[in-house]
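Chain IDs A, B, C, D, E, F, G and H follow the sequence of writing; residue 1 opens each chain.
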Amino acid sequence: MKKVFERPKSLTDVPFSYCPGCTHGIAHRLVAEVIDELGIQERTIGIAPVGCSVLCYDFFDVDMQEAAHGRAPAVATGIKRVHPDSIVFSYQGDGDLASIGTAEIVHAANRGEKITVIFINNAIYGMTGGQMAPTTLPGQKTTTSPYGRDTEACGYPIRISEMLSTLDGPAYIARASLHDPQNIVKAKSAIRKAFQAQVDGLGFSLVELLSTCPTNWGMTPVESLKWLEDNMIPRYPLGEYKVIEGVK
Amino acid sequence: MKKVFERPKSLTDVPFSYCPGCTHGIAHRLVAEVIDELGIQERTIGIAPVGCSVLCYDFFDVDMQEAAHGRAPAVATGIKRVHPDSIVFSYQGDGDLASIGTAEIVHAANRGEKITVIFINNAIYGMTGGQMAPTTLPGQKTTTSPYGRDTEACGYPIRISEMLSTLDGPAYIARASLHDPQNIVKAKSAIRKAFQAQVDGLGFSLVELLSTCPTNWGMTPVESLKWLEDNMIPRYPLGEYKVIEGVK
Amino acid sequence: MGEKILMKGAEALGEAAIKAGCRFFFGYPITPQNEVPEYMSKRLPKEGGVFLQAESEVAAINMVYGAAGAGARVMTSSSSPGISLKMEGISYIAGAKLPCVIVNIVRGGPGLGGIQPAQSDYFQATKGGGHGDYRMIVLAPSSVQEMVDLMGDAFDLADLYRMPTMILGDGMLGQMMEPVEFKERKPIALPPKDWATTGKKGRGKQNIINSLFLIAEECEEHNFELKKRYNEIEKNEVKFESYNMEDADVAIIAYGTTARIVKTAIKRAESKGMKVGLIRPITLWPFPEKVIAAAAEKVKAFLTVEMSTGQMVEDVRLAVNGQKPVYFYGRTGGMVPSPEEMVAEVEKILG
Amino acid sequence: MGEKILMKGAEALGEAAIKAGCRFFFGYPITPQNEVPEYMSKRLPKEGGVFLQAESEVAAINMVYGAAGAGARVMTSSSSPGISLKMEGISYIAGAKLPCVIVNIVRGGPGLGGIQPAQSDYFQATKGGGHGDYRMIVLAPSSVQEMVDLMGDAFDLADLYRMPTMILGDGMLGQMMEPVEFKERKPIALPPKDWATTGKKGRGKQNIINSLFLIAEECEEHNFELKKRYNEIEKNEVKFESYNMEDADVAIIAYGTTARIVKTAIKRAESKGMKVGLIRPITLWPFPEKVIAAAAEKVKAFLTVEMSTGQMVEDVRLAVNGQKPVYFYGRTGGMVPSPEEMVAEVEKILG
Amino acid sequence: MAQEIILAGFGGQGIMLAGKLLTYTGMLEGKNVTWLPSYGPEMRGGTANCTVIISDEEIGSPIVTNPSVALVFNNPSLEKFEPLVKTGGTLIVNTSLVTIKSKRTDINIINIPANDIAIELGEVKITNMVMMGAFVAATKAVSFEGVMDALKKTLPAHRQNLLPLNEKALKKGSELV
Amino acid sequence: MAQEIILAGFGGQGIMLAGKLLTYTGMLEGKNVTWLPSYGPEMRGGTANCTVIISDEEIGSPIVTNPSVALVFNNPSLEKFEPLVKTGGTLIVNTSLVTIKSKRTDINIINIPANDIAIELGEVKITNMVMMGAFVAATKAVSFEGVMDALKKTLPAHRQNLLPLNEKALKKGSELV
Amino acid sequence: MAKGRPVFNEDRCKGCQLCTTVCPVDIVHMSERINSRGYYTAEVTDPDKCITCMKCARICPDVVIEILREATKEEK
Amino acid sequence: MAKGRPVFNEDRCKGCQLCTTVCPVDIVHMSERINSRGYYTAEVTDPDKCITCMKCARICPDVVIEILREATKEEK
């Protein structure tokens, strides 16, 4: 018999540090598979964020830099400018990218920086124990919105893919979800397009992945998938938001 | 005879420090007129940016705070939360708002912070001697884009009004220009709507004003108006980008 | 009041702030101080106050600037990397003469470092990590109770001198529970905030909050005025604890959590026949340099113990000014010195 | 080479960096150092390098982090408030052991302050304005020529010790023109950057740039390793200039622009019969404490002159360690002390 | 006299709660007390432990390197803390889950099948109270009544009905010492 | 010997350029030199000035409180710098624009209608060279040839045709001293 | 069109010339006067022609210009 | 459907149960085994029924599962 599904080469052997059922792990696997399939492992440089995925430098078997909270796009810019032939990707959470790192992501996108951003939207700050993120849903209870997110005081959840798609720099922007196998397949194809866009030198690319945080949502992993589907997708419609000519 | 046009009460007597022909002065007058007309001078608190208008605390005859470069929306937030009945506005340049202050403006807008932002887009860093701004036009020469803005390396000029209009928080967003009397009248009406939206508690409001910088553009004031009209307006279309129900 | 309740340091800090009249909190999550914003998010709305999670530490400190300039009692809290991001804002707050309270629950550094307790932000806090000639009053509690007591002082001092005050703790103090009592504080006379931007409200003249002085002469004058204030504070506001110093041969200088451990060490040292005392700076700035200088006439040596590779020890050396040797023992990066290690250091000095 | 050309300090700085092999510059405009990025924006593209105006100082320093981690010689430049914003990033760079050069053309503070020359960021530069136990090598040129010469050192030292190096100047040095010569530097042996993230390129093992150490023991070990390196630097890399110290009664300690003015003052003092010398720290960290301690045995007193309300004076006091009185004279906020004022201070001391 | 106690197990076993209850009891009985949790990424790993000090004197270090008592709820905790218990100290082991045997002979080892007892009593969640019972009986650091008193004061109104069950667990635990 | 020179006027009068030329000349003549512009917001106000030091010795402070020579191109500059010139120093006044009269008697005052002369010569932009001519003649701080030499080296190829005009301006200025 | 006239607060004028480009009846021009701040000032050459359209005032960045208008009948 | 089977690297399993919810032929279930890291592990109860749809492998966040498939004719 032949292995038709196996651990991608671009993952190290180190077990993920994520909580049971956390879909960060799925996102990791997809990114690694795409790197394998595009044959770019030896020229890829990744950037770990500050967030639950801070340790992803231990998981991706490529050169990695750990960036300050929110600054991964700036770090990626520094790297890409030095090694324009390398493939540079950042992996960032929603606190990291949509909150503290807003300026950096907007400007990397606007510059059309030739990097790929994997954006994990789990509607919460996982790492620090479940505080409200800019992506937290209206009414959602978190440790810093104990009475539920009050849109009057904190506004509505921010839609990063939509916002960045108004800029000229991005070549490819899509939102996908990790809540079931079909969607995981679609997520992978979006990730692949994003990396391919970089390989082809087309511009900035970003894939927003709806992801779960069973620990801080206070649900089982299985319940979390359902919650994601029922609550996040209506607010964060899936699909491709920007696809410039040449993206394949 | 009766005065039908005079210096607004909400301006102090201090002469503006701007270069001859700089349209910052027009924007100042419009804001002051609106404050006068809405009868809110005694409860208005303004925030000066870092930029050529850094000294505007000397020009507006209302309580003022001078904010760190780019942070005016955060400062405004602090003030507004303490004095929810006051009318809080920030006055910011394009370096201030569209570059270093990107995160602050996006999140103030997204929170629907009940403040009004006057955003002076002059496609350049005036105060510091004419460096490239994120709003600088393709090919435009500045002291840090001596060979003209290279969109391949620096991206295209960012369109703030369009970008912020994708968010749920803003009640009113419009772009107007200060290059001739008709447009100045329109600009004033936009500013008035923006302040009125705040008075009515509707949410965040912003008016982007296309403005000149004769000194750093290296043109006469009169040439500058023409350059603005011919070059900026095509890139920055005028009009209202977001008007929620209730804005009048 | 008067009743003791068992509380986590970080939460006690929040409650103490509320009791001190703080109604505005702007912060951003970071371990190990998340319980502060979390507590505030629960309690402030019930007190008619505002808790707002800012988009970043930079935004948070600038919201504090705005709120302080608007006349409010306002606080923010963070931990090392987050505090570094606030440096520009803190310098602005100092420059604009605004009162506020900033909490730093220090963790191991540099960079992302770790999240275990440390004291390696001493220089940043006391010498001004931001640009320019400015100071913050820096208070270093060593128990949950003291954290509570100093919070009242922090707000009062900030208002009295119109400047930022920092509470410098560490992860251990923030995470531990101890019984605390919220004592009734006697209110002190504070100057009216007639400089605050509230809207002119018929005041006639504008109020302007500002730190810009384009004319060098004016900028210098402003700095000299600040400096005068700082000198006053150095004269009036020094706080420290002397423990077992009566006939000590070695004076240990330590603050915060470390100082508690020193007390345990002192008992062990005593049982081994060594005479060891503790001078515990409670205000790190102004630094209790007089009491240390005075002690230098009596003790044989000083030992500074810090959870850092050696920062406060410079202030100790400055105070001792060559009169007696000053030794240093430090653990860092989240490691906590044990009483045994301290005793061993004292033995080395005396041996 | 060998030929003297007349150049503005800021531009000479840029040219010297390029000559030192710097091909990447990330910065953000701020007065009074705009000529540095402006010069780089003109020159770097012609050298096959990259000039990029970042969206902010925070982004700039993190771009530097990325580029340094990728193995490049990279530089950023700013002035006081902008440098404060870089504090977190600098701490990360130090924590991740990355080499880079950071220029601070200091202006009056705190807050927005002014744009005239100042030296009030000394503490921030030398003690670590960011969090954690870290240091930067800090070089303080006092002429345009020295700015050029030190730039080569700055990059070499950064690479040699894998750490950030700062050039601390002030508006005057940045704005003034002087004749400079770009001397041929003899290359020193530098360790290969085999730790850089270049893509694995068949290397087999990953390279990781990182400052996170979740286990306190590891974080401490990392800090101790840094500390060891710092001790080495303190031993090997101190630079200073001694001027007229042979039989000086008063030693003035001053750096940068201030030190030039001191030289003028010394001549005037001499003409009034006073014997005054200058010790000019060229490295502010490591601080030339030995030479000052040695001088303490000969002079009657020290006078520290700074464009601040008194920062380096603490390091002078630490070095002198009580042996002789240490006086201070400072102007700040953009004011520059005149030779006359300095002479008057010396007269007070000797009188 | 000071008792320096470490409670260790994995998240969900009520370790932190039991520690707090003990601290609270000490406080009510007029002692000086501190409670210090481990925090940080090890939480993600699923382990949880806290240090409680109950003392007649001012408490110096809230950290304890060598506890006088350790309550270990699972194997990793035994591995970590068993070697650290002071000579003459006490190790209380939840033998329902801890399968490793301690080899120390210089300390007092108390084996309690706490989970089993709790399940027997009908509620696995009171495992921690069973262990507490053993602790109280073995050390007398606080009194049985003190613990019940503290429980009464801390249980919210709608949980007061759980008092008898908790009392049973405490008793049961103490009886096995 | 050191000459400490301030040139002051408003933007566009070629003040900075003249200062740089002077500095460059000094350098070519083997002297130590510094040039320091005023910078900052006063630029916005339209005034411009710079300090040039030409010295045989190492130059200490590049800032000058009391210049040995001041070249003032407009009224505000005269108001600002006339009182600061050292006793025995030289004040060179562009009387085409400066209408105020200096009242000092302890300094050497040289009046040059520089704009008028420049216009006469057909190019108002060489006003600064007229003033320079006066400066060279009055102070001998650098030589006439030195200035021309410096000009030759700094003017770009397509501007070398302006050399004769500049020479005329220099000469004219020097003749009026 | 209403009758009236613009009043220039000359000392505030910076001579930018913007006002001179917008007057529909072309009566705003640069003068030969230099004000106390050193700028050539704008002036209105034939005030009687002014139709009080306010364009000059609207475009002046330094709020130099006030417009007076004859009271209308009702106002009288 | 192709024949094959999933292989669980049990020591990496965290017992999250996600794999058990997606199997179209319902052969993935939780076992009673606890692995070295203290988690109950998932297992496949009737491997012969596996249609190698790979859903279980795709949703497993810890890359526990590999899928083997019988070589098709061409491959043989």
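FYI, a contact is a pair of C-beta atoms (placed from the backbone, for glycine too) under 8 Å apart; a residue touches a chain by one contact, two chains touch by 3 or more.
Quantities reported herein were computed from a predicted structural model and do not represent experimental measurements.
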Setting chain F aside and leaving every other chain in place, which groups of chains remain linked through touching? one piece
Remotest chain, chain B as reference, centres from CA atoms: E
Work out the mean Cα position per chain and let me know which chain is farthest from chain C. G
Using the stated contact rule, I'd like to know whether A-H or C-E comes out ahead in C-beta pair count. A-H
Whole-Å distance, chain E centre to chain H centre, using C-alpha means? 40
So, what's the distance in Å between the C-alpha centres of chain F and chain C? 55
I'd like to verify one number: the distance from the centre of chain B to the centre of chain D, where each centre is the average of its C-alpha atoms, in whole angstrom. 38
Multi-partner residues of chain H (each touching 2 or more other chains): none
Going by the contact rule already set, what residues in chain F reach two or more other chains? 40-41
Quick check: what residues of chain B touch more than one other chain, meaning two or more? 18-19, 54, 66, 68, 99-100, 102-103, 106-107, 134, 153-154
State the interface residues of chain H toward chain A in the complex, per the touch definition above. 4-5, 12, 14-18, 21-22, 37, 39, 52-55, 57-63, 65-71, 75
Provide the residue numbers of chain A that touch chain C in the complex, in ascending order. 50, 54, 66, 68-70, 95, 99-100, 102, 125, 127-129, 131-132, 134, 143-147, 153-154
Can you list the chain A residues touching chain D in their complex? 12, 41-45, 47-48, 54-55, 57-58, 61-68, 71, 74-79, 81-83, 86-87, 103-104, 106-107
Contact set on chain D toward chain B in their complex: 28-31, 34, 37-38, 41-42, 45, 50-53, 55-57, 81, 111-112
Which positions of chain D touch chain A when the two form their complex? 24, 26, 50, 52, 54-56, 58-60, 62-72, 74, 88-89, 92, 96, 197-202, 206-212
